[in-house]
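Letters A, B and C mark the chains as written, and numbering starts fresh at 1 in each.
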């Protein structure tokens, strides 16, 4: 421990500690808040007039709210990937990005539950889920598992933060008063004693193990919201694995994007190095191949048989109305990122960032394609309904709320980065320590 | 046999006037439906003039004019009518897309303009198969996929086989709509367009009125009408006798003018159910469109306006 | 189409001469001519079990191709003669379907006994612009007796119809009568002959050919004989219980059992076991971890 010089530790703290927003940061913050306000106004309209303000109808009864929900749930899976799977696999290089992954997970899962309430026709009756729960319904499973995942993610964010809080409380003299108060409330009791460290490490280890099955559950259960119905495109035994693999991909894409942004904004290139981008790039390639594999399963097998209800659905996706979006999601969301990241020169930070954005955008459209086209291809023909129910294009209210929720999630991440170090300070110091020891 | 008969006769004669009165007067409509539920005497006796010119006393509870039946409680509505299992038979050979069923249903239930609980589909399975008209109600499945997925018991399966919705419970998640393969459920996207006096009534699961904003609605087999000894409105409004309704336990269905044994009808005309392969076990049976009363084309004139009416 | 246009133009020109306003007004009138309204009133007499008798009224208004019930209107029923207030059975208000129903008070015992046939009158106060509406029905008193018979190894049902002549009940012949089994909102004919006609002795006989028809728990079924809308006798029905049915005891296993489509409290055991095991083990661990956090806090505070 003493091998690390005091100045080096101080340098780390100085580099990583949260800083007030710069000009760009303030513009970004204002931009996000503006979108959130527009989204909130749209939701107010929806509460006042009912879901009629959306473009949904009796056929497309789930629209971009639900696809956005699935997207959030998917991206939240990354927390378990980076912090738990890598940790258990003894992969140490991921330490600097664990907190980024966790905060993405927490804010995404929070907005996933929020957006599902937005989708409800009677949000004020939410208490019925607790007053009259039906354990038979996959929605109840989803409520339970999302709640559980949220708590686990929160703990997994909080526990590694404790030593950092202490360090920052001690070191940073220029910390604003409100922040100092908040920090004290959160973790002034941390002394860094052996007993505390022991309990903390033990708890993190349990959490890391526990979060993996719960993370699989959350996305599998979400896939069952669709797979437990009879509809073409949803009626699939492949759905759980398909969703989980897709979630890992979009989560990894989200993390590399965030990594790049934080590295640029906070000048963290000493901590989030090219090596990290190289390795995460490889992980994205692996996960993209995995998701591609499940996509082939999901589409090729029913397309081979072309059962009547599936036929309309699949031809609409492959060559019909949804074809441009479908091929966009496949090519931009999977094939191009693979092409970029498969070469060593493609795994430079900037390229990884671009590929990450492609993955995330492709994934958002993929979720839309999972939800909506199926609802437009019911078993009985669409007759005796108003014309507006035969098609679906989201209304401005829906766009505003969907973008509002995305902006909200980014806002939570941004504010978190303002208050807390986006890279674990304590673990970085320890890591440096170990590196030094290895050198000796 | 003779013994048996005379015994019955004695029983009947000994069965007293009261029981006969109770049976006959519990519902004074010509098409009386014998409810199996005991009617509780109110203790308030009414004197009335009998056919013989005698003065007889009848409990007021048995005299109640049919429309005055008090609405059942939510608990009763969730259990259903004891000892019944309602079924419907839809004879496709008689349907010419008149949509009287739809109009009557929409009117009685105050279904939101442009939405329909009953739909009449123009069906044609394949290029060289025959087109036909197919009215659909809620299938009231015995293993209802919609009920399976409801998170709050807002839609439920009753003892008598009817699947109903409690609009005071529904949270509006619309999972049931996604789960129903028959696309039978509709959603109240906005404040229902209904007269104030209807909107102010307390919601009743059996009448499904008044519909509430942000909740799901669908065909309810009109259990309120059935309790009164009347037929569901689609059945009574169809001039071609397409819809047969009845009780599987009684093995009898009626379209208002013809009453037939359910088992014989299904056997003779090879009745079937929709999407049997999904395992939903519907309570609605269909008779194939063979030896039709009307050519398919006769229904086309009704098709265009009703299919594109928008509000 | 062309002639219609010409007529249309002509009418415009014609009315233009008087005044533009008037012309426009008339034009709209000629497009939607005054619809003729027609009231359809029906007063029916019912006799159940030859005991209880009551009257049903139903009123509809026909406009063009629409039938509307005469709903929520005051209506008065009279016996024998409408001119005498003494003969008023009662004042009512029609329901939403334009119906009312009334029994006959014992006050009219004498009127009832001394008149045969007897007339019932329904009178509606002014309905829209149609003024007072009235309808009446004349009833000759009649009775049905229902009995069973075992003949030629066959179960048979016999119905006798009698009508009152002076003070004697005499057989009524050529009366159409339906015999069947009481079912939900309907009568299931007991054989292929949908309806029968009484012979000169006022009797109608029919064979009971319904094989293993479900009855109640004891196998009892209600035979019913019905005369519907007879021009003299009105509506009569009587029932007779026979143990000719199959005992039926229906238990809906879908309702009672535990299943995926049952109520929340009837969740299948395997699902409840699985779900609660997972929930309790995960949340047990979570609570343990939260206790650990509190322990870190306690340990830290102790040191201070």
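Convention: contacts are C-beta pairs under 8 Å (C-beta built on N, C-alpha and C of every residue); 3 or more make two chains touch, one makes a residue touch a chain.
On a predicted model such as this, the values are computed, not experimentally measured, just so you know.
Q: Of the other chains, whose C-alpha centre is the longest way from the centre of chain B?
A: Chain A.
Q: Measuring from the mean of all protein Cα atoms shown, which chain centre lies nearest?
A: Central chain is B.
Q: Once you find the CA centre of chain A and the CA centre of chain C, what distance in Å lies between them?
A: 59
Q: Could you put a whole-Å number on the gap between the CA centroids of chain A and chain B?
A: 48
Q: Let me have the rounded angstrom distance from the C-alpha centre of chain B over to the C-alpha centre of chain C, please.
A: Centre separation, chain B to chain C: 13 Å.
Q: Considering chain A alone, which of its residues make contact with at least two other chains?
A: 132-134, 136 - these are the residues of chain A that touch more than one other chain.
Q: Touching two or more other chains, which residues of chain B qualify?
A: 145, 148, 152-153, in rising order.
Q: At least two partner chains per residue is the criterion; list those residues in chain C.
A: Residue numbers touching two or more other chains: 260-264.
Q: Going by the contact rule at the top, pick out the chain C residues touching chain A in the complex.
A: 260-264, 267-268, 271-272, 275, 279, 282-283, 285-286, 288-290, 292-293, 295-301, 303-304
Q: For a test of understanding, state which residues of chain A touch chain B in their complex under the given definition.
A: 49-52, 54, 56-59, 61-62, 119-123, 125-126, 128-129, 131-134, 136-140, 143, 225-226, 228-231, 375, 378-388
Q: Sort out for me which residues of chain B touch chain C in the complex.
A: 1-2, 4-5, 8-9, 11-12, 15, 17, 20-21, 23-25, 28, 30-34, 36, 46-56, 58, 63, 65-67, 78-80, 83-85, 142-145, 147-148, 152-153, 156-161, 226, 229-231, 245-247, 249-252, 254, 256, 259-261
Q: Under the definition above, what is the set of chain C residues touching chain B in their complex?
A: 44, 46-54, 56, 95-97, 99-101, 103-106, 108-109, 112-113, 141, 143, 147-148, 150, 180-189, 210, 213-214, 216, 222, 226, 228, 235, 237-243, 248, 250, 252, 254-255, 259-264
Q: Hey, which residues of chain A end up touching chain C in the complex?
A: 132-136, 141, 144, 148, 151-152, 155, 158-159, 162, 188-191, 193, 195-196, 199-200, 202-203, 206-207, 210, 214
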